[in-house]
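In the two assemblies presented below, subunit A is common to both, partnered first by subunit B and then by subunit C.
On to the complex of A and B.
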């Protein structure tokens, strides 16, 4: 079979915020750059980001990057690497001002400077008082950012391959990355993209969970490709959850509903938060509310025929208040739960929101993996940025508005590193191995010829339910152990998926089968990494690692102050140290402490 | 020219979960019965930015084209629990 081959200096997979920011760096440097994306760039999930982008501009309140760095390290529950965190916080002002120059319509103060608003976890003077650090464009920050970056890329003549799905990484005999294979959806044909450098910016994989705020495109394609190519995945046990997503749909119900007086109730109609948080009740912090909800469900007090959710009740508020203060929420509830919250309570469940782990990188955006004595040896030719990557700045828990900052800083940094590596002659176009496309073609042929196979939709649902039940927001030793067995069984089913429609052109069934191959890698990594980590830290909270005087919050720095690395082959686990040293010698490390707010 | 239906199906994959859910129901229940004229209208709707389209679907923003109204109401209703149509 003859396969078309395209040759570029660099190929970027993914055209959300991180991919577009990286592409800009390359194209403006005059490198021949291709961006592969399965959806039109401005349909990427970055569009959904509303909160803003963090930068210590100090326009509204006094601020500096040291305070931002402290907040981020503390937010990460000390699992974040302090060199990468210093780098991100120091670069924040630069990347935000650049975006301003690209025409991003930030909200403004009367004096013309960028308006900044407060956001949870961000503080002045090392946790003393809230700070206004988030730069936003109304409630469409991600949308505005993506459009500004896309326009700038068009100007820089970045070449986009829209509606192309990358299939697999191509590595040569040295283990160096020399390109990717990809399928054009319009024809169903596979091509090779041969390049000096490959940057993955494919976003998160929140669709591994049954209840997820993520759009359907978030299938962890880059993470799955990296895992299949032998690259380990870092800290995949850490996922951020939001307490109130509409049960069965995942759409977020904002915290503001509880702020307006919304009450969480179990099957008996009891206001159960009174038992868990007698003072703050329904307004306790996200993790406390989520854990309480899961405990109610696990102990049989959940609602509905499957007892799998709780209820968010605002029926005691007047219809006028609901219509006036919460119109969007009423619409969401009617659309996705079939319930008018004026008349009946909304079914809700803790919902997966953001992937903290991913493809391991350093702050330069180089993908790193253990080799010899060095756990952070760069994989030549391979770079990653954004939610698919783990730099690691979010550690065990991400702060709001740090995700848009992450994709700007590390998208740019990955781009800069590629430019340096190519211009210095460190990266050259290495020959393609003879079997460059064989692995992808074999996967496609397997799918094409599968008989008596499994159903993609059913296997995906089994994976999502397994992840939700066994590795949700609150984790139980026994459930995790059972979960490992269960997810490996689902992974076996995923090996024999069958599609009935074999057409080549715009075959969405084939796309979904290929996406499932990526999701299942992420699901295995998450379950196995979570089962192994016998402590509570940040978003990973276990019943058998409770808050004690000896180990506050259940965190065990004596054993678990380390990054997890999961390898797809043999489901092998390895670990590497957390970097507690900032990038600059003049910057003091943020010393270990108990994370309390 | 009749648009490729597979391509349109893929274009119903959106950046916002809200729209993904609405379009998933629509693809399941309504899409195969659309006339060529309705498919052309759908193509126009699919070109709209996600936040604007979601605002039109949930009624918080007005629909700028009368000919889109039937499709928007299909999108709104194709997913409510009692969908017998």
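On to the complex of A and C.
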């Protein structure tokens, strides 16, 4: 079968915040670059981010990047790599100011500077008191950011392949990455993109769970492709459950609501967070707030006829504040909860939101994997940034507003590294292997010819229910063990999915079947990594690792202060050390401590 | 809970199989949690996996699932399914070429958006920190920057139907005014020059369909009026 081939210096997969930020770096450098994206860029899920992007600008309260770094390391429950965290926090002001120069419509303070609001887990002076660090455009920061980045790419004349779905990574005999295969939605044709460098910026996979704030498109495509190509996935047991998804609908209500003064209440009307986090209260870290909410519900203090949610109350805020700072939230509440938050509290429940783990990278955006004695050997030609990557800055729990920062800093950094590696001659166009497209074509042919197969919708639903039941906010040893068996069974069913629609033109049934292959890789990685980690840390809290005097919060630094690496082949697990050393010698490491808020 | 069934009449066309488009009558049973039209469409897709439409965020911010619903453009994810008279008649956005079923080719729409230079122009070397803008100046951008490029407005505009290649259309003009209104942008004159033409701006005859259908409650007609005012003031 003859197959079209396109050749570029660099190919970026994904056009959300990270992909667009990387694209700017490449387009402006003059390298021949293609951006493949399965949706028009401004439809990427960055668009749904609400509350803000972190930067220690100090526009309304004193701040500096050291404090931000401390908060991020603590938020990560010390699983984050301190070199990458230092890099991100130091770069924050630069990338946010750059974005402002691109035209991003940030809200403003009276003195004309960017408006900043408090956010969960962000503090002044190493945990002392809340700080206003979140740079916001009302409660539409992601939308404003994604559009500003897309607009800047229009100016830079970036070449997009819109509605092209990447299928598989192409590696040669040396294991180097030399391109990707992709399907054009409009024609159904598969092509090869041959390149010196491939950057994955494909976002997260929150759709592995039944209840998720994530868009339909968040199917972990890059993560799945990397896993199938033999690249390990790092720390996939760590998933963030956002405290405030609209009960029943899953739609996100930003933490910025609590940043503006919103309060969580149980059925008795009590501000229960005072009991769990006496200092930061409702603005404690997300894992802490989500667990507190579930504890309230489990102990019978939930709200509603089924006592299955709690209430987010902003009725004490002035309507003017709500209309000015949280207009989008008001729209969402009216649309999806049938409630005007000016008049009544919003029913909320913890909802799967963000993938802390992903494709392992260093702070330069290079994908790294164990080779010989070095657990962090760069995979030549392969880069990743944003939610699909694990740098690792979020460790076991991400702080709100650090995801938009992550995609700016590491999107830019990955772009810069690729430019450097190509211009220095380190990366050249290596020949394509003869079988470059065979694997993708075999997947397509299998799907085309499948008879008496399984149903994509049913398999996906089985996966989502399994993940929800066995790997939720609280985790139980027995449920995790059963979960491993269950998810491997679901994975077997996914091997024989069958679609009825065989059209070549914009075949969404085929697209969903291919996406399911990616979701399944992520689900397996999550369940198997979670079952194996016999401690509680950040978002991963299990019944057999309780809070004790010897091991506060159930965290076992003696055995588990390490990153998980999961390999798809044989579901093999490996581990590598956490980097506790900051990037600069002049910066002191943040010493291990017990996490309280 | 009694069973809810919805009747659809859906525009179907697959160039790979169909000689010409047709309207398909089909019904689907809903679950109690299915509230929006998009929920019903997703349910329908389980029944017939060939039903094709775009969707992503399901909360009205990505702009993917714009379609013509009972004769009016809107987003499926923000439309209460129970509020719609049945059968629910779904067609692709009018005026753009259909690729398949409810999926239209938006090339012309984005071409017009790109034609207004939808990015900030300011050739002064940027300061080390943010450019300053007062809260009042920033407020000028409200009602403009929130556009999600769903194309409900432009594809409901008769002037855009007639001259999609020459008339910028409400979405593009809203974006043009978003940059004109931005105190940080220094290309107002060039932007007005770019629109000074019998078609690009002046084909707007204030029919106001755009205002009527915008799922984000934005007002392109007002923005267009402001550009026209600036044009006139510049001329005298």
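Going forward, the second predicted complex is superposed on the first by the 491 of 597 C-alpha atoms of A that agree within 3 Å, B and C clash if a C-alpha of one lies under 4 Å from a C-alpha of the other, contacts with A are read in each partner's own complex, and residues count from 1 in each chain.
The rule is short, and it goes like this: a contact is a pair of C-beta atoms (placed from the backbone, for glycine too) under 8 Å apart; a residue touches a chain by one contact, two chains touch by 3 or more.
Since this is a predicted model, take the numbers as computed values, not measurements.
After overlaying the two complexes on the shared chain, residue contacts for A:105 are found with subunit C alone; subunit B is out of touch.
In the superposed model, A:174 makes contact with neither subunit B nor subunit C. Once the two complexes are overlaid on the shared chain, A:334 sits against subunit B while remaining clear of subunit C. When the shared chain is aligned, no partner comes close enough to touch A:438: not subunit B, not subunit C.
In the superposed model, A:151 makes contact with subunit C only, not with subunit B.
Contacts of A:114 after superposition: subunit C is touched, whereas subunit B is not reached. Of the two partner chains placed by superposition, A:420 touches none, neither subunit B nor subunit C. The wider contact with subunit A, measured as residues touched, comes from C rather than the other of subunit B and subunit C.
In the superposition on chain A, contact of A:45 is made with both subunit B and subunit C.
According to the touch criterion, the shared surface of subunit A, contacted by subunit B in one complex and subunit C in the other, consists of residues 39, 42-45, 47-48, 140, 143, 186, 215-217, 249, 251, 328, 331-332, 335-336, 503, 505-508. Those residues of subunit B that touch subunit A in the complex are listed here as 4-7, 9-10, 13-18, 20-22, 24, 49-51, 58-60, 76, 79-81. Put simply, subunit C touches subunit A in their complex at residues 14-17, 33, 35, 45-46, 48-50, 52-64, 78, 99-101, 103, 106, 110, 114, 117-120, 122, 126, 128-135, 137-138, 141, 145-146, 148-149, 179, 182, 184-185.
Those residues of subunit A lying in contact with subunit C across their complex are 39-40, 42-45, 47-48, 57, 97, 100-103, 105-114, 137, 140, 143-144, 147, 151-152, 154-155, 186, 215-217, 248-249, 251-252, 328, 331-332, 335-336, 456-457, 499-501, 503-509, 512. Interface of subunit A with subunit B (complex): residues 39, 42-48, 140, 143, 163, 185-186, 212-217, 249-251, 327-328, 331-332, 334-336, 338, 503, 505-508, 511.
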